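In the part that follows, the structures are each spelled out as structure tokens.
Next come two complexes, and both contain chain A; in the first it sits with chain B, in the second with chain C.
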Partner chain A sequence: MRAYGRSTLVLAYPALVLGMFLLVPFGIMAALSVFRRVPAGTFEPAMVPDNYLNLLTPFFLDRIGFTLGLSAAVAVVCVALGFPFTYLLTRLPRRRQVPWLVFLLAVLALSEVIVGFAWSVLLSRTAGLSNLLVWLGLLSQPESWAPGLTAMMLGLCYLAFPYTVLVLYPSLSRLDPSYLEAARTLGASPLRGFFGVIVPVSRPAILATLVMVFVFALGAYVLPQLLGRPQHWTLAVHITDQALSRSNVPAAAAMSITLLLASLALVLVTAALGNRRKEQP
Partner chain B sequence: MTNGTVGIGRRSVLAGAAAAGAVITLGAPAIRAQERSLKVGTYGGYFEDSFKKHIYPAFTKATGIKVDSVAEPTGEQWLLQLQQAAMAGQAPADVSMMANVPRIRGATAQLWAPLDEAKVPNAKNVIPTFLARYDGEKLYGVGAVSWFITLVTNTNVFKEAPGSWAALWDPANRDRVGLLALASNSFLVEITAKTHFADQPTVLDSEAGIMKVLGKLAELKPNVKLWYRDEGQFQAQLQSGEIPMGQYYHDVAGLAAKDGHPVRSTFPKEGGVVDSGSWCVSKASKKMEEAQIFIDYMCQPAVQATLSREVGTAPVIPKALTGLSDAEFAAVSSETAPIVPKYGMYLERGDWLAQKWTEMITA
Partner chain C sequence: MRALAGIFMGLIGLVLAAPLAVVAGISLNQRKMMLFPPQGLSFQWYGELFRDEGWRNAMLNSLSLALCAALFATSIALPIAYAVWRWNSRFARALHAMGSTPFILPPVITALGFLVFWTMSGFYGSFGAVVISHGIFLVTLPLITVSLGFAGIDPAYTEAAATLGADDRTVFRTVVLPMVLPYVVSGFVFAFVISLNEYIISYMVAGFTVETLPIKVFNSIRYGYTPVMAAVSVVFILVALVAFGLVGRFGDLPRLLGAWAPKD
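Let's turn to the complex of A and B:
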């Protein structure tokens, strides 16, 4: 009884912090999303559905589709690269793992702005990597590789990759080496063992990482502006434009809540699919 | 022995605390009475630095009022912050430099305190179009500085300065142009109307006309490599020649050229875009007296001249009053008739225009 009371007390603190810093701002945003827009002014308190109804345009549907698709693509690319990378990393001796982990943490310390500017220089015609290829004789003249979808994907994956590895690392380092040994004993090739045993065993970790990177990429705001063209601007860019450049906070709030609900639905569906497959014999 | 030491220690600590308390209680009102201060907001970065360096010290010397400089974010973010704060009776800045569209939005919400014109006698120097009034009567905004958006080029890439905004549409400039990303800060709708619809001065008065202009504007999209929101995004690439042409601020381009970068700013034959900032006082400010002294000071011809020489902005008072030489004036302005933004358009149908604009550039 006393232990129960104490744990309630301990849990009360995170609950309070979550309530104050997550639910309260979210509640304010939900309230703002039904405020009335004043065209020549800013907005005023009201209870109108207009901000949501205004979102029923091909433009907004196209943007939300692009944003969700881009985030999913970033998640898939990062996990596809990060999973084998992390697996091989966990097989290394401890002292050789540490420099890699330190390096990945160092990348995490860089801000999105720094990463964006660095990549736009690396991919530029005047100072970029293509000059190196010209010097090596592989290219006749320097080319510009940014802005574009590839450049933006590169930047986003670069930013999300350390997260991917760090989320996969604990579960992969705990993986029992005897799984693969058993597969090898039964005659499977290393590759077959990896895809037939390691990957299926790690499905919960893979799924969790996909969801995490997906959510991380949803918030991308600086990189689409620096490395993408207007058709690659994510919803986060448009939300910021509405709120900060047009004083249309109600529209921005309605867009944010719609994005939140759409991504939440997508995450829940993914989780449900993952669970159902696990239950199958 | 031990006890004694502790006793003395505690006593001296108490005495010290009492003395400190006395200093605080006696000293504080004296400081408050001596030092008048004012929080002034200008755009953070280069602008704010220039004001802190060249303007505020002289103002404090002349009036005894200390200026606490506040860095404003650009866009309309500052308007929202001022408005939210005013609801709570707070003023993050007493006086703020506001661009025209947020200034008018703030006026709609009655955010700006009306000014007493008798307390701002130098406002009569200001060109009337830079004075903002509630219903044409009560003054609430006084022109601070004006600036131009011009056609800029990298001198290594473009040996000859382009003479017209039409260069932005030239197929030879494919993927070489940097433009501002928003309708309301690029004023490209007005630029397009002046460049390609000069025979239709009322083209921007109707939605059908604006759609025609946006259609023409869409033709330059293949030339645009970067639609930028932040000056920093464009300036580095302009200087390196990665994006050798675009629209930019005349004052900042001039400074880059002065620093030795291969950059030039040209007033095209259709004119540069003139935009301006106004001093507005939040109605939540309790420093009305000091705010009016500040605004009056800023309207003096000598101060306007200093702004042109040191910050590179164009004066909001007639050239003859400033005492600027022809060369000094030419460095910050132009005799060519400017393109004047249609601010009313951004207020009347701003949301519609923003939507059509975004659809046009993201398509």
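Let's turn to the complex of A and C:
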């Protein structure tokens, strides 16, 4: 009984703060998503599904489809490159992993604004990669490669790659080295051992990482504006656009809640699958 | 095979470093131009960052915001992680899950939640509102590191202290806290660096009143290029490298990021 009292005492402050500043804002947002918008740019309490139904118009369906497709592409590219990279990284001695981890964390922490700016410079005509190709004689004149869909994909993969590595890192660094040794003893080449043994035993981790990176890419907000054109705007940009430029907060709230439920469902299902595997190996 | 692996890792490293190197290069241009390789060599744009009032204010805003937000986030995470480790009650675990949620979700969701909350409560645009919003958003980071710290404590130490008659509070102060302190500091550093770089939440909570560095860079991009933007980017890269470098130097970075400790 006394322990129970002490635990309540210790948790009173975090519970209060999280309740007040996390649950309440999300609650208000959920409520707003069913409010009725009035033309003056405000809203009135109601219980209408209009804001959700609006998402089913061709314009938003197209935006949702584009955002999902883009995030899926980013997730696939990042895991395809990140998995072998992380595997090799975890095979290094710990001391040599640290500089890589520091570098990856530093890139991961970089503001989307700075990543977007850096890539727009790298793809620009005056300071960009095309100058290198001109110098090598592969191109006759420097060109500008941004904004565009390719530029945006590059930027998004750059943003998500360190995240991918850090999500894969725990499971790959705990991978039993005897798997590959066994394959090697049985005469498999390192490449065959990697694809025949390491990849199959890591399938749960790969699936979980695909989902995590997918959700991470859904959040991209600055890059589509800096490296893409308006037709490349993602759902995150449109949510802000509805809330700030069009003062249609109920619409933004409905989009936000939809995105919230979809992401949460994906993450929870993945976590549950992971736990079930752990219990029955 | 070894060489091939080295080349693959090197290439990835090169791609990761390339945009940063080009930005560092253009920050050194003598004139207000975006040229790479830079023409002339000048550090004046770094000086501009301190001389120009707008950039200086943005820098001060960002620094004070990141400090306060990281402190706030750590202060919430420590009791939750302690309670999960000490009692593992359902309530503690629920708070732990709650604290981990906003960071996994697309940040725009949390940002909109805060926008409506602060507008309704009348604090929209205030510095305090941004601090609290960032703090809540970043709780996850110290929560992860501090929980790892508690998990690494050998129960023999706390049992010994309890056998010698120390109560919970004394055990916490004299045994537990010193052992988790490095993890608390790492969590603080992680939260500090991410807050410094965060854009969308600050923008939606106080984008027009509290101008942070990322907001100012983004606004400047719309009005055209100035090499100060490149200089700011370099400062950000250096801050992150130094901060995580220190964590890597004094802490066990592989373990913090989820590898087993060597003794496991």
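Here is the rule we use: the second predicted complex is superposed on the first by the 236 of 281 C-alpha atoms of A that agree within 3 Å, B and C clash if a C-alpha of one lies under 4 Å from a C-alpha of the other, contacts with A are read in each partner's own complex, and residues count from 1 in each chain.
Following the convention adopted for this analysis, contacts are C-beta pairs under 8 Å (C-beta built on N, C-alpha and C of every residue); 3 or more make two chains touch, one makes a residue touch a chain.
Please read these numbers as outputs of a predicted model, since none were measured by experiment.
Partners chain B and chain C, brought together by superposition on chain A, clash. By the document's definition of touching, both partners, chain B and chain C, reach A:244.
Of the two partner chains placed by the overlay, only chain C lies in contact with A:190; chain B stays clear of it. Legend: residue contacts after superposition of the two complexes on their common chain; A:68 is shown touching neither chain B nor chain C. Legend: residue contacts after superposition of the two complexes on their common chain; A:144 is shown touching chain B, with no touch to chain C. Contact with chain B, but none with chain C, is seen for A:59 once the two complexes are overlaid on the shared chain. Number of chain A residues touched is higher for C, counting chain B against chain C. Touch criterion met: A:126 reaches chain B and chain C at once. With both structures placed on the common chain, the touch criterion links A:226 to chain B and to chain C.
Of the two partner chains, chain B is the only one that A:37 touches; chain C does not reach it.
Chain A uses residues 117, 120, 124, 126-127, 226, 243-244, 249 to touch chain B in one structure and chain C in the other. By the touch criterion given at the top, residues 37-42, 57, 59, 63, 117, 120, 124-127, 144, 147, 225-226, 229-231, 233, 238, 241, 243-249, 251 of chain A touch chain B in their complex.
Chain B meets chain A in the complex at residues 73, 75-77, 79-80, 83, 102, 104-105, 108-109, 175, 181-182, 184-185, 225-230, 233, 236-237, 240-242, 347-351, 354-355, 358-359, 361-363. Here chain A touches chain C in the complex through residues 3-4, 6-8, 10-11, 13-15, 17-18, 21-26, 28-29, 32, 81, 84-85, 88-90, 94, 97-107, 109-122, 124, 126-129, 131, 158, 161-162, 166, 169-170, 173-174, 190-191, 212, 215-216, 218-219, 221-222, 226, 236, 239-240, 243-244, 249, 252-253, 256, 259-260, 263-264, 267, going by the rule given at the top. Note for the complex: chain C touches chain A at residues 1, 5, 8-9, 12-13, 15-16, 18-20, 22-23, 25-26, 33-36, 75-77, 79-80, 82-83, 86-87, 89, 91-92, 95, 98-99, 101-102, 104-117, 120, 132-133, 136, 139, 168, 193-194, 196-200, 203-204, 214-215, 217-218, 221, 229-230, 232-233, 236-237, 240-241, 244-245, 247-248, 253-254, 257-260, 262.
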